[in-house]
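Labels for the chains are A, B and C, by order of writing; each one numbers its residues from 1.
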Amino acid sequence: MDTRIWAKMTTQPLLSVRNLSKFYGGRIGCADVNFDLFPGEVLGIVGESGSGKSTLLSCLAGHLAPDRGEVIFATTEGPRDTVQMGEAARRRLARTDWAYVHQNPRDGLRMGVSAGGNVGERLMAVGARHYGQIRDKAVDWLGRVEIAADRVDDRPSAFSGGMQQRLQIARNLVTGPRLVFMDEPTGGLDVSVQARLLDLLRGLVREMGLSAIIVTHDLAVVRLLADRLMVMKGGYVVEQGLTDQVLDDPQHEYTQLLVSSVLQV
Amino acid sequence: MITITNLSKSFTLHNQGAAVIPVMAGANLAVSAGECLGLVGASGSGKSTLMRMIWGNYLAASGSIMVGDVDVAKAAPREIIALRRGTLGYVSQFLRVVPRVPTVDVVAEPLLTLGVGADAARGRAMALLAQLNIPERLWSLSPTTFSGGEQQRVNIARGFVHPYPALLLDEPTASLDAVNREVVLTLIEAAKARGAAIIGIFHDEQARARLCDRLVDVTQFTPGMAQ
Amino acid sequence: MTDQTAYNFAYLDEQTKRMIRRAILKGVAIPGYQVPFASREMPMPYGWGTGGVQVTAACLVPEDRLKVIDQGADDTTNAVSIRRFFQRTAGVAVTEATAEATVIQTRHRIPETPLTEGQILVYQVPIPEPLRFLEPRETETRKMHELEDYGLMHVKLYEDISRHGQIATAYDYPVKVEGRYVMDPSPIPKFDNPKLAGNAAIQLFGAGREQRIYALPPYSEAISLDFDDYPFAASKADHACDLCAAPDSYLDEVITDDQGSRMFVCSDTDFCASRRKAGHIGPMGTPMAGG
């Protein structure tokens, strides 16, 4: 509980990004991105459409190959550059240590498979072969994302948007990943549903000691979820720091514009 | 516990012709454990600005802000996060929470973040809410719909749920009735007694007189306002 | 009718045979791996065994003795026409006796009589991709095979149990070959799955429309996927054959009148006939003349 214990626990970054760049022909996707993410930290990435935040997330998660730079992840065998890693090793990480929550739950769920099967897939992918245990764990996780146990055999197509998103989160977190990538996780949801999801995510991040990288254009979401914030424009990171500091005392011209452009309720 | 040395701050407004507004220069102060320091000065003199800089919410231009052994003016974000988690408490005038989260969980959250068990954290939260006269029927509701006074007390409960060694209090008694004001003053006195270093802004002069060991007029740090 | 010399031996031109033989050799070298091949138009519609016919055609030599079965039977339309096709285009001998055949083309069954070294069993395969049920993208399924990313296969079985209380997949039951590739054994009943493993014959699988060939070399390991608490079980109708009294062969259920009377008979007609010739008579069977 002592501050120094926390500081000691977090001296090794979970993810170190160095000079990461991705170009689409002559156009910049993202360029010269550098940051460290420490265990238990939630990093928000904000910027307008086309600012490069989604490109950056895809490069970090291994969905896109960057043109330059390193993405060093603290694997159980020590730090490894995931850009240089073979596809097999990267996929193994993606289904054990990483999770990816898509904006549209349809992209992250198997719509033709029951809720229990969706949650169980990652378990089976890492070798779980006991139906009863897989099912118990699926039911447990449905409960943790506030989906009733009697929905375990229903398909996601019978769920509301908010439930689908919570199911996607359960499906991703069931194997106890250490790093979660989220692309506009509250994007298509009603405001009231967003609040519930945000609370759920905060609780899970805290309980599981998760690190997360959240891409969004919603400054209210990052204020409530993210410890740290990166602001992107034109593919470059123009400012980064403590979330409330960046939002309340923005230094860069663009950040000032972004913050002052938010409609007040 | 808190030592500020030669601190300065200015705002650059890029969208208004890059106007540079200096708001603080040459600020110095120190607060020891068990001491309460009151910030005074006219409106706009920079009391809240100074407090936000100590909290790490505003960036310092130069100088240092030592809280324990961390220099907030130069610390990395994660060091400030760790500081806020266990060392530095802050009761602001505004309650900023996730909508629809029950009040008791809002208050318990700082303890959960520190790894305290859910039952123990909620127990501590409920005891504080009861002490602050928040009716029990409200505990399971989100504080976003509460009155100003109730929100203020929820904020105070959040700030006192963990025994932070250092506390920042921004108008903690502002919108409270006499009974609750007394409860809050008692809480602050108890925090002093256990050794917390406290920096506060109190417009309530009686409260200021009762709590503060020393006063610092921030006007002396304000460029263009110094006498 | 046309003289058989009007065709190249076994219908296919030599270039095509070479191409298919290469695919077969590659398949045998990498058990369970689906080898793409340039499937040709055959004088029969897709779904009628064009893949199996091409594999058979590429394997046949003039000395071979061919047997063709459809769901275990030698006398159904599909089996008869394919057998006649090769009689005419290759002039090879044909037989209905499993033990006498050197090449057996089959649709949806493995013969009951154990196969022996030197025999080739050719399966007709409609959909070679075991992952297709849950993952429609070919690029993705290939990647999953490459990376042994087979969690999805168990999702299918999980769904079965959650919906039916047991693994309801009764045919087309996936196997893992030699600890590496997950393979679709074609729509054989899961009763036949144990016969895939450790079989002395070469087993070749041809999918004409999908343009894939794959193989199990002799004595390959082929493990049916299952769960610890829902183990694989090779099931059949709980009955003995009404014609030959065989207690352990795979049975077809036949409705015999409008009142719903029914009988169970061996789906493997050669096996059933051999037993009756040997004097095994079921409750509804009649003795057959000895061979």
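Going forward, contacts are C-beta pairs under 8 Å (C-beta built on N, C-alpha and C of every residue); 3 or more make two chains touch, one makes a residue touch a chain.
This structure is a prediction, so every number in the text was calculated from the model and none was measured.
Chemist: Going by C-alpha centres, which chain is most central here?
Modeler: Of all chains shown, the one whose C-alpha centroid lies nearest the global centroid is A.
Chemist: So which chain is the furthest away from subunit A, centre to centre on CA atoms?
Modeler: Between subunit A and every other chain, the largest centroid distance is to C.
Chemist: In whole angstrom, how far does the Cα centroid of subunit A sit from the Cα centroid of subunit B?
Modeler: Taking the average C-alpha coordinate of subunit A and of subunit B, the gap between them is 31 Å.
Chemist: Between subunit B and subunit C, tell me the centre distance in angstrom, where each centre is the average of that chain's C-alpha atoms.
Modeler: A distance of 76 Å separates the two centres.
Chemist: Return the distance between the CA-based centres of subunit A and subunit C, expressed in whole Å.
Modeler: The computed centroid separation for subunit A versus subunit C comes out at 47 Å.
Chemist: Which parts of subunit B, given as residue numbers and ranges, touch two or more other chains?
Modeler: none
Chemist: For the complex, which residues does subunit A have touching subunit C?
Modeler: Residues 87-88, 91, 95, 110, 112-114, 116-117, 120-126, 129-132, 134-135, 152-153.
Chemist: Residues of subunit B touching subunit A in their complex?
Modeler: It is residues 11-15, 52, 56-59, 68, 70, 77-83, 85-87, 96-101, 112-115 of subunit B that touch subunit A.
Chemist: What does subunit C use to touch subunit A in their complex?
Modeler: The touching residues are 134, 143, 146-152, 154-155, 158-159, 161-163, 226-230.
Chemist: Could you list, by residue number, the parts of subunit A that touch subunit B in their complex?
Modeler: 1-3, 6-7, 10, 38, 41, 192, 195-196, 198-199, 202, 206, 223-224, 227-228, 241-242, 244-245, 248-249, 251-253, 256-257, 260
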